[in-house]
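What follows is a structure written as structure tokens; I'll ask about it next.
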Amino acid sequence: MKQGIKIATIGGGSSYTPELIEGFIKRHNELPVTEIWLADIEEGKAKLEIVGNLAKRMVEKAGVAIEIHLTLDRKEALKDADFVTTQMRVGMLDARMKDEAIPLKYGVIGQETNGPGGLFKGMRTIPVILEICKEMECLCPDAWLINFTNPAGMVTEAVLRYSNIKKVVGLCNGPIGTTKGLAKMLEVDSERVYVEYAGLNHMVFGLHAYVDGEEVTKEVMSMLGGREKDGITPKNIAALSWEPDFIERLGVVPSGYHRYYYQTDKMLRQLLDDAKHEGTRAEVVRKLESELFELYKDESLAVKPKQLEGRGGAYYSEAAVQLIHSIHTDKRDIQTVNVRNNGALSSIPDESAVEINCVITKHGPVPLTVGDLPIQVRGLVQQIKSFERIACEAAITGNYQTALLAMTINPLVPSDTVAKQILDEMLEAHKQFLPQFFQRESITKA
Amino acid sequence: MKQGIKIATIGGGSSYTPELIEGFIKRHNELPVTEIWLADIEEGKAKLEIVGNLAKRMVEKAGVAIEIHLTLDRKEALKDADFVTTQMRVGMLDARMKDEAIPLKYGVIGQETNGPGGLFKGMRTIPVILEICKEMECLCPDAWLINFTNPAGMVTEAVLRYSNIKKVVGLCNGPIGTTKGLAKMLEVDSERVYVEYAGLNHMVFGLHAYVDGEEVTKEVMSMLGGREKDGITPKNIAALSWEPDFIERLGVVPSGYHRYYYQTDKMLRQLLDDAKHEGTRAEVVRKLESELFELYKDESLAVKPKQLEGRGGAYYSEAAVQLIHSIHTDKRDIQTVNVRNNGALSSIPDESAVEINCVITKHGPVPLTVGDLPIQVRGLVQQIKSFERIACEAAITGNYQTALLAMTINPLVPSDTVAKQILDEMLEAHKQFLPQFFQRESITKA
Amino acid sequence: MKQGIKIATIGGGSSYTPELIEGFIKRHNELPVTEIWLADIEEGKAKLEIVGNLAKRMVEKAGVAIEIHLTLDRKEALKDADFVTTQMRVGMLDARMKDEAIPLKYGVIGQETNGPGGLFKGMRTIPVILEICKEMECLCPDAWLINFTNPAGMVTEAVLRYSNIKKVVGLCNGPIGTTKGLAKMLEVDSERVYVEYAGLNHMVFGLHAYVDGEEVTKEVMSMLGGREKDGITPKNIAALSWEPDFIERLGVVPSGYHRYYYQTDKMLRQLLDDAKHEGTRAEVVRKLESELFELYKDESLAVKPKQLEGRGGAYYSEAAVQLIHSIHTDKRDIQTVNVRNNGALSSIPDESAVEINCVITKHGPVPLTVGDLPIQVRGLVQQIKSFERIACEAAITGNYQTALLAMTINPLVPSDTVAKQILDEMLEAHKQFLPQFFQRESITKA
Amino acid sequence: MKQGIKIATIGGGSSYTPELIEGFIKRHNELPVTEIWLADIEEGKAKLEIVGNLAKRMVEKAGVAIEIHLTLDRKEALKDADFVTTQMRVGMLDARMKDEAIPLKYGVIGQETNGPGGLFKGMRTIPVILEICKEMECLCPDAWLINFTNPAGMVTEAVLRYSNIKKVVGLCNGPIGTTKGLAKMLEVDSERVYVEYAGLNHMVFGLHAYVDGEEVTKEVMSMLGGREKDGITPKNIAALSWEPDFIERLGVVPSGYHRYYYQTDKMLRQLLDDAKHEGTRAEVVRKLESELFELYKDESLAVKPKQLEGRGGAYYSEAAVQLIHSIHTDKRDIQTVNVRNNGALSSIPDESAVEINCVITKHGPVPLTVGDLPIQVRGLVQQIKSFERIACEAAITGNYQTALLAMTINPLVPSDTVAKQILDEMLEAHKQFLPQFFQRESITKA
């Protein structure tokens, strides 16, 4: 084996990068990273430099032997990498804004991961990820691909089904956030809380919750009903309260994203209202981001600024560094990640991606056997898996009818006709990033 | 074995009965029915007599040796029966009217089988069916239970899971109607058309269509798009046109009921519109029924009147008589019925009811192996199965939270809060027929 | 579609051919075969001419418009065929003799289908069949491959997994023979008997037996115990009697071949004894065959001679013609054939071949859903499937270790060491027909 | 929760008990056991006292606050226990001797866990275990049942299927022994070796082996071939060498017990030879045991004597104490135990017991998902599961035919006739301990 670990971070100019750097600094003793390559595209050069320089200052201040490299040549970054992390956003915030705003015009929730917005984010992102996979086959065939890029479930599904890279893990901060939120609600230290998660990305349920190994699921469910702020919902989702009788009998802890499906009308009203006042989530994020980059520019700053936590992606990098750490050291602790199902959930195909508790070993995450999801939530999870599968196919083939099929079977979309209207407007709006749908004329991607 | 066959028809006073009688008359040579017992409840006595007398005149005119018995004592009818058919409607048309009208007040489609209305129809009906099953265990343990009562899928699921009667078949006229409609569209004789059906009741898809054994699915799918009247939609459902690009890529023939899920907004507008003009479907049916009963009273009438065909349940009795015939004679022809899945569809539990093509033998229907549903439709089917399972549990336990859970996870219902509103109003409205929810005070059923 | 049906019979010089011809003559009205091409290899030329001339006389005498063509050019036969039947024997009777005799030297039953002999028969045959499949892709891509060649289960498995031909059916006369035997035992007409078969080729069980649709399995099981001649065992297998208490509780009708596994020591003694007196089965067959060919030469013979029935393969051609007939006419009757499992038996992989009751349609056989095999027989069936899978892999790769693995895991073989001894001697003995194991020097096949 | 932990050890008079006591002493800090109840039957009173007094001396010498109680009243021991460990031997060594000797008379390996001997051990033991389960329901419904009693797989299967105790774990020292043996062979510390085990008890395979997280399976497989002493075979099994070509291609690490199936003839010869010279294994064990009890009597002895390690059950108690420790502290480390499959191995029923790597939590062991066993070993594992299932049924029903069925389908038994001979002689020999087969006249058990 090589001396130190080489990390390649695709989309290195992201505002999240300082968190990642901080994570590697903190764990440097056990996880001897020696090179971090931050790669980005021409359009992201300015941000890459701002973030990259902050990263360099952070490393220097910490006094650890990590080299930070900035590059616009992705292949240079990938060459001999041990871990490839992906956090790019094809089309950048502009695209996300459209993902959310266009559906809303038709009275439909955009939902940038499992909704109409997610379909488009997937169709823009998956071809780029698969291109990275091809490059990895040549440049770093033994590396692990750690994907943070949303829609993380759909992207993992696509890599598992359509690439030769088998060492892939999709990552989400959701489960960590839920566990921390539950700990707070239960007024115990979060290390004492263990939750058995199973489902799909942004469609994961906490099947059982434990404190010190003792089951507390019932108590949790009765605490969750009727709360204005439940503490387990990510900042980017309105934490509307649950009907107590519903949530108690549901019997499993939903993710914040489940509100889009179990509270569709209320969430839609909220989103329409937000759009009027503070703008869509994408606009809020854009504002946050530009403030962050202002901070990053400050040459006296050499640590991750606190304000980054308000960005919504809390624990994302923590999750990534922790995962890389456990793989590298064969730690065999339990983390919640997106991997090949392999029979862990019996009504999801073996070959599909699921988000599930895994033992993290040097040879990868091994899912803990669940058996099957409780019947009351099984159908919705399977429906989103149907959507993800057809969405992946649309992303790869660039077939119009397949994209319409994905849009129509999405549970947030009220009909084939509305699906077609949204699809047509979004295809036009994202044209630049969807070459597979437009005779592959001009290709522009991360 | 006994000499002739005894049929017990629960809900014998139904307007459909003449069709059933006609079926037994037509097949009398091969299917030697000697006794038909029409049983009904006190409240249905008047109708039972009208229909029963027509039945007697029909038999007499046809000159076949079938005795028609009318009774208000269900047990007398069940005693030593060979086949028990159930076609009752707990709460009668009044209840159905509420099933449809109350959800509409909240902007939600009632859908009397797989929607909120179906939940209530199931909760009223399942306890009565399970009571009949218990009586059958004593009075006719070897009889087949042929259930036409809707929601036929949910009822079959409940009998399979919660009773000791294993010889149960749920029956729907939908597949026959679709096949006949396709034949007309393809301009061929319906005997030449074969469709591989699989799914759930009112949630069944035609996976492949054949004419003379040659596959024509693609042609069918491209013919189905954009049609105003597609000819495969039952009369009780508005045959709104499908987006051609959607339906072509869907690749499998939907049932009329799929419009509620793939065209929710358009169907809702149509139903609201209908409710203003011609009333809900229940009101239309009530009018049709009272006209029919006027006809039935006519003592000179001794055949099934043509007008019955306009009632919407075309082929229902044809389906039933044909099924009984094939069981009795071990015919081994293929019919589409609701039975235990047993592995025919791999992502539905083995123990659950599915609607599927079966070889009909003397020992019952044997499903033809499908493997799995195509991924694009799998999720929706699984979601309705989740709903059916929870609805059955609510029907049996009378648990308020379980009923709310069923209502909320139904794909037609937009949120837990609206679910609660509809549930509360419907529980009150149907109080009389839901003793399991109201401390079992007063029990009134079929 | 073309005017008439073209049949290509690979291994046309087989002694079974007259039965096939007779079958096509009998059904000529409904199954308008116009050309039968009998193809064979150079070494089989003499036999091909004898059999082919008999076939021509048969057709002429019957006065049906079927052209008989004899050819040593397989491709000519395959060109535009509608059905390809394979009945060749790579290495001819000499090879079979070795398949049986060599294991016996080591005290092991040869068993030419699922035993050590079967492994070698498979390794000789599968490469040839896959070559035929490749030719079919070009010359008759829409044709059905009807494979009689043993080991039929292993061959079907190989075609399903390693070729692009999906329209393949493996055929065995065993189930028909068992049904006829049971009918005789029950003293009823065989048309009145229906048996639900499921398992693998030569490893199939009759799970339920019916007369006129009424279950008689228990009666059958108690009749089967202790019988010297049970009437359901093919002539090539010694019909040793079953322990009544064992067979009754087994509860499902075994095939004759199950004796090799449930009566291993007794069968071995019998085979050793036979080998001393009448020679191995292969030697008996050789004698029968040469007598048959003497008969066939007789130019006054223009019908299938009765003596062919003694050959052991009774009903083989009946089965084949019946199958072709039902496919051609979309008859949808039930036959027992080897096809892709597709979930019909839940503990066998979906992609594997099983022998099972199917509805025969124009688009192929559709298995009737069984659920799972009874637990008492499940393990043995799965073990033979493990053997078949590894044997297929050995046949294709020519890997010595894989062949040794297949030999060792076979339940008839007592140890890895004996497996190696038998393997080594048999590889040497069959060298000529196993080019894949010997650097592909000289290839000689059917 | 109560203050300290109460352990009830059924069969407390076993020679293994000192190891168990030593384990609890060593871990007393983290695992605060305060009471150990050693329960035994009247016939075992003398041994119980010898062992119990040694246990008391051990505890006293160690200076830990554990009370040792000796009792002949099982219920007293079970009352409010936290963990119940079972290590009894119904019929004692005499019975085991017969389990091995009687089959050998018929040229059949006795194999006291998965063979004919195992069938009888199971039939003697399972009814007693189920009786203990019933008592536990009343006396300690929240306790964990940790079963060491062989056949551990069959016993776990029986508890899972036929009792209401769901908190049951079957335990075997095999996997620990294999891992230690592999470590020695690889010349690394055993903590650095991790093996992915999956299968059934005494039928478990090491699917992948790792050193420091790096896969070494191939190296291991090529080292295992041709070795006289492989170091991974328990002392009670002759470590005959494997054919290198077989074992390499097998590709997974067998347990010592697999020799009975892959080297049947060689093992049989060895056993027959041993029986002539040193007696059956049971006789060897009897001698060892009486020597051990002589040692135990020595009042100056207050530690586990070294000689116990020669007994063959090395690591058994280590395994048990480690398991109890991890459950109690919710440690979430990985151990190999027998539990409900729940989908971890896809071709074994969900409800069945498997031996598999699990994360050990306070709420029990959670299996790591395997997917499926490699095809080459799947069939044998499934066959033993078939045997175990039928054996359990025979144990519970006392049905002669079912016992004969289990005996006949066992892969070590050559025919139904030999099965019957062995069965009849063994039933007679064990009559006293098989009341379920003899009209439940006189019941004598642990």
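Things to note:
Every chain is named by a letter (A, B, C and D) in the order it is written, and numbering of its residues begins at 1.
By our rule, a residue touches a chain if its C-beta (ideal position, glycine included) is under 8 Å from a C-beta of that chain, and two chains touch if they have at least 3 such contacts.
Everything quoted here is computed from the prediction, not taken from an experiment.
The chains touching chain B as well as chain C do not exist; no chain touches both.
Summarising the inter-chain layout, the chain whose CA centre lies farthest from the centre of chain C is A. Chain A and chain C have centres, each the mean of its CA atoms, that are 54 Å apart. Between chain C and chain D, the centres computed from C-alpha atoms are 44 Å apart. Among all residues of chain A, none touch two or more other chains. All chain pairs that touch, listed by label, are A-B, A-D, B-C, C-D. Those residues of chain B whose C-beta lies close enough to touch chain A in the complex are 242-243, 245-250, 262-266, 347, 375-380, 382-387, 389-390, 399-402, 404-405, 408-409, 411, 414-420.
Partner chain A is touched in their complex by these residues of chain D: 194, 208, 210, 212-215, 329-330, 332-334, 342-344, 346, 350, 359, 361-363, 366-372.
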